[in-house]
Amino acid sequence: MVDLSVDLGFLKLKNPVMAASGTFGYGLEFQPLYNLNLLGGLVVKGLYFKPREGNPPPRLAESPCGLINSIGLQGIGVEAFCREILPWLADLTTAVIANVCGEEEGEYARVAEYLSRHPGLAALELNISCPNVREGGKCPAQDPEATYRTVKRVRQASSLPLITKLSPNVTDITAVALAAQEAGSQAVSLVNTFLALAIDLESRKPKLGNVLGGLSGPAIKPLAMRMVFEVARKVKIPVIGLGGIFNYQDALEFMVAGASAVQVGTANFVNPQACPEIIKGIEDWAESQGIKRLSEIVGSLKF
Amino acid sequence: MVDLSVDLGFLKLKNPVMAASGTFGYGLEFQPLYNLNLLGGLVVKGLYFKPREGNPPPRLAESPCGLINSIGLQGIGVEAFCREILPWLADLTTAVIANVCGEEEGEYARVAEYLSRHPGLAALELNISCPNVREGGKCPAQDPEATYRTVKRVRQASSLPLITKLSPNVTDITAVALAAQEAGSQAVSLVNTFLALAIDLESRKPKLGNVLGGLSGPAIKPLAMRMVFEVARKVKIPVIGLGGIFNYQDALEFMVAGASAVQVGTANFVNPQACPEIIKGIEDWAESQGIKRLSEIVGSLKF
Amino acid sequence: MFQDKNARIIKTESWGNYFLLRLAAAEIAQKSKPGQFLMIRVSPGLNPLLRRPLSIHDCSGSEVEIFFQVTGKGTELLSQKKPGDHLDVLGPCGGGFSLLPEFKDKEIFCVGGGRGLAPLYFLARELQTAGARPVVFYGGQTLSDLPLKKRLDEAGWETNFSTDDGSFGFHGLVTQLAEKELMKRKPSFLFGCGPEAMMTRLAEICQQAVLPAEFSLESIMGCGLGACWGCSRKIKKNGEIKYLRICQDGPVFPAEEIIWSGD
Amino acid sequence: MFQDKNARIIKTESWGNYFLLRLAAAEIAQKSKPGQFLMIRVSPGLNPLLRRPLSIHDCSGSEVEIFFQVTGKGTELLSQKKPGDHLDVLGPCGGGFSLLPEFKDKEIFCVGGGRGLAPLYFLARELQTAGARPVVFYGGQTLSDLPLKKRLDEAGWETNFSTDDGSFGFHGLVTQLAEKELMKRKPSFLFGCGPEAMMTRLAEICQQAVLPAEFSLESIMGCGLGACWGCSRKIKKNGEIKYLRICQDGPVFPAEEIIWSGD
């Protein structure tokens, strides 16, 4: 028997595989397909304080081995979430993580504070990296100082463990990761989507109603993996890796590059069974390699 | 008859399609396959002053819809180029552009100066964006000031028109483009490759001998297109777009996004006839749309 | 909701650009209702990436059928499948058409344009089984756009055909044909599926005739499960205009809730 | 060098994991020499992206053959092709084996491990045509790794087989078999192709026996045209160690120029 558990310090996961925010709804949507308690963790859709309409359609476009989205964080808001969804999620034995959004620093803090007052959450993931909500795709995670300020503010507003989700649309992602660590974040997750444009030649219009969107899926995997590798060598806090993970090999590669745990996003659409299959695949692989504790492989890249 | 010609101000191309640096050797390699004079232009492999050995193998790895390379600019150096290759290229009726490299600002200037003394070149492309030659993938194009200094220095060393090739591994590519324009660059080309990591799970080693490499190909197309769109709206000089262009639709989409001309890179490997096929496809499309002068479509995105 | 990773293709049929596939997928078949759809993975590779939504064209016992037109890479790949091949199928997704008890003995119009007929065949069959009288309208540009003609002729309910070029049936748009008949026959309900412009016109006609109607809408889809909010579209629900999910809150909506894209 | 976008597959043959394809590609066939290779696009899609290098296994008139083992996605896709399908083929790429006039009437060893036999069949045939006496060595782990046995038996030259497990022919490595025969028979030249470890050992044996030899090397390839420098490997040329291109400066190199990866 392989020990698949992951100890992030502030949180112990039964295995390293979590469903990524925005690709797994509020969790309920996948309930008909498999037992959610198989998951290492589950990050719900981004939450603002108030309900939010999101961006004009079309909101999705395909690109080679990738998906571009501009959902714009449509969602029910933190009150409805705590009232209607969280009690149900709280009964799961998997780690439930809320994805915290805000138009400005104050809103991030308010959302975090509100969520902290309700039982059932294992941690907060601070989404300072969504490219779909501000003009031109800008976000706080593109600037170490804005990152520091936002994390600090949320850190003070909530006692829940904090994971800061980083943007890949930066020159030096390690600087932003260090700022998050400095401000008291207990972990970083990376990456969010890459700012992208797709055009419909016939109409000469952007394929997305919001013009720009965020690229996810296998296309970005080597870029996300490079960033995980860079960040894991710089920070002391655990790194959660994501970006194009579609099978157990992908997940393990991220761990070898330095990720203590991983998240699976777009793959949930292509293969709704992706998460449990990846967990099973990791277990079988570790067994075949004679690995007793999976966490041994974290950062084991030979270079 | 459609007028496919492109006037970059400093240079008139017979059509907007050029072969991208490093993917077309010194041009000779494709000579057996088609008449190079069909091309709008041709950018030769990166040139340092001295011959250069390049990076340890393996130098290539595939990723989903992408190619990761860490060639490290192996090449014959500027003297051998001017002696052995350039006289032959000078006989072509297509625009021949040299890709100028340097370990530091001085070398860029020396290479540019040396090249300027030999006839046959239509322009220089300043490669300040290769992720494969410095520790950790760093390059001058990641910093507006380093960009400004390097361009300025080269500008003073050579009277040939200057195209500055930008790196996508930045927070704000428009700032770098503006710095290049400010320093006297007559055009910008974007993008060079995205810094990437691929891992072989079995050996737990990087797939590339140089650990990191640069991602090119269809996977990066929506990211490159976004950057071309952003830059074209900010600068006054022409923008040359590239990144994952594989067919005529891709090329036209880049033009609609704001590119005055395009370059075709990785596609030359997958389909050696890519460039002439794209040119033909563009012509047929323009004809079918009743477009008289192709340059009309540049930046015509409706949004 | 089931994911059948190995639904075997039992039968394929094709007419030019149109294709019909019959799949063995027992769990899915047993739960399927007219108006619901499947999310089908068109290739085991990663390009194209997303599943494709396709209506359940017919369903019986442990088998489901899809009927589709090739419009791009995904449907192209799907059209190359052969009997004996396997498909990864998720379904049944979404809600179905309303099959009300009061439809019994009433005339119910089912109006389809082109590939839009796909969900209406299953619907008409179920309406007939439930004792209603389906009247199907099937329009296309030309005769070759009506590949299901034979099948409909054999179905035992009334079908009316139209072609834009007059090569078969009524000469004109299927909306014109439906309008004409609707004025005459005063059906109790109308179900529609087809190109946006066709449905928009049909909705107008129904509104003028005060005929209740439902339409099946399309959108590019990420998950088909209600999880990504990628398929959202403005819908008027209880007087309020909101982005609702085509996949989960639809794909079938009452005419009065739909905000047509031309509006 | 030609790009034939529509080389028709005339014949396919398979043995477990090994496949043989015969292609109609007249321009390429007319220029092909033993040791050269083709760059084949395994699918019209974009994933996998790169062409795959495959040796010319045989060539006559307007037809070329490839012989390959499935080792990943690309060769898997290639293995699914059927007669009548078309392939996009670029070639002939690279330089070939040295076919010297002085080989006439001499014994020339051709030593292949597994799929490494691919280029040696064409080579042996040309050697024989030129009046030399090819002696082929073909080794594998077990009998099923020797799918070309029958073909070689019928070829009219001497072939010696080895299997690691002794299930057929010499019991042991093909390098051991070749060494034994080489000591006895003193051939004039040796050509080798196979796994790196096998070729490394063979090169040692040749050096000790002062036997001139050439080996065909492998590398992942971008263009196959000498344009990308992605296939480079350290080679000793005129005493100088440089990165040379396997595709263009090789794939066949004299033994003394090769720096083995174990070195």
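Should a chain be cited, it is by its letter among A, B, C and D, assigned in written order, with residues numbered from 1 in that chain.
The rule is simple: a contact is a pair of C-beta atoms (placed from the backbone, for glycine too) under 8 Å apart; a residue touches a chain by one contact, two chains touch by 3 or more.
Fair warning: this is a prediction, and the values are worked out from it, not measured in the lab.
When C-beta pairs in contact are tallied for every pair of chains, the largest tally goes to A-B. On a Cα centroid basis, the chain most remote from chain D in this structure is C. If you average the Cα atoms of chain A and of chain B, the two centres end up 34 Å apart.
Measuring from the averaged C-alpha position of chain A to that of chain C gives a distance of 36 Å. Centres computed as Cα averages put chain A at a distance of 48 Å from chain D.
Counting only residues that touch two or more partner chains, chain D has 46-47.
Counting partner chains per residue, chain B shows two or more touched chains at residues 64-66, 217-218. Chain-to-chain contact here is organised exhaustively, every possible pair of chains being in touch.
Within the complex formed with chain B, the chain C residues making contact are 46-47.
For chain A in complex with chain B, the touching residues are 63-66, 68, 136-137, 142-143, 169-171, 194-199, 201, 203-206, 211-212, 215, 217-223, 225-226, 229-230, 244, 249, 252-253, 256-257, 297, 300-303.
Within the complex formed with chain D, the chain B residues making contact are 22-25, 29-30, 32-33, 45, 53-54, 57-62, 64-67, 69, 71, 74-75, 217-218, 246, 266, 268-273. By the touch rule above, chain C contacts chain A in their complex via residues 1-3, 5, 41, 46-51, 88, 90, 219-233, 242-243, 248.
Contact residues on chain A toward chain D in their complex (touch as defined above): 64-65.
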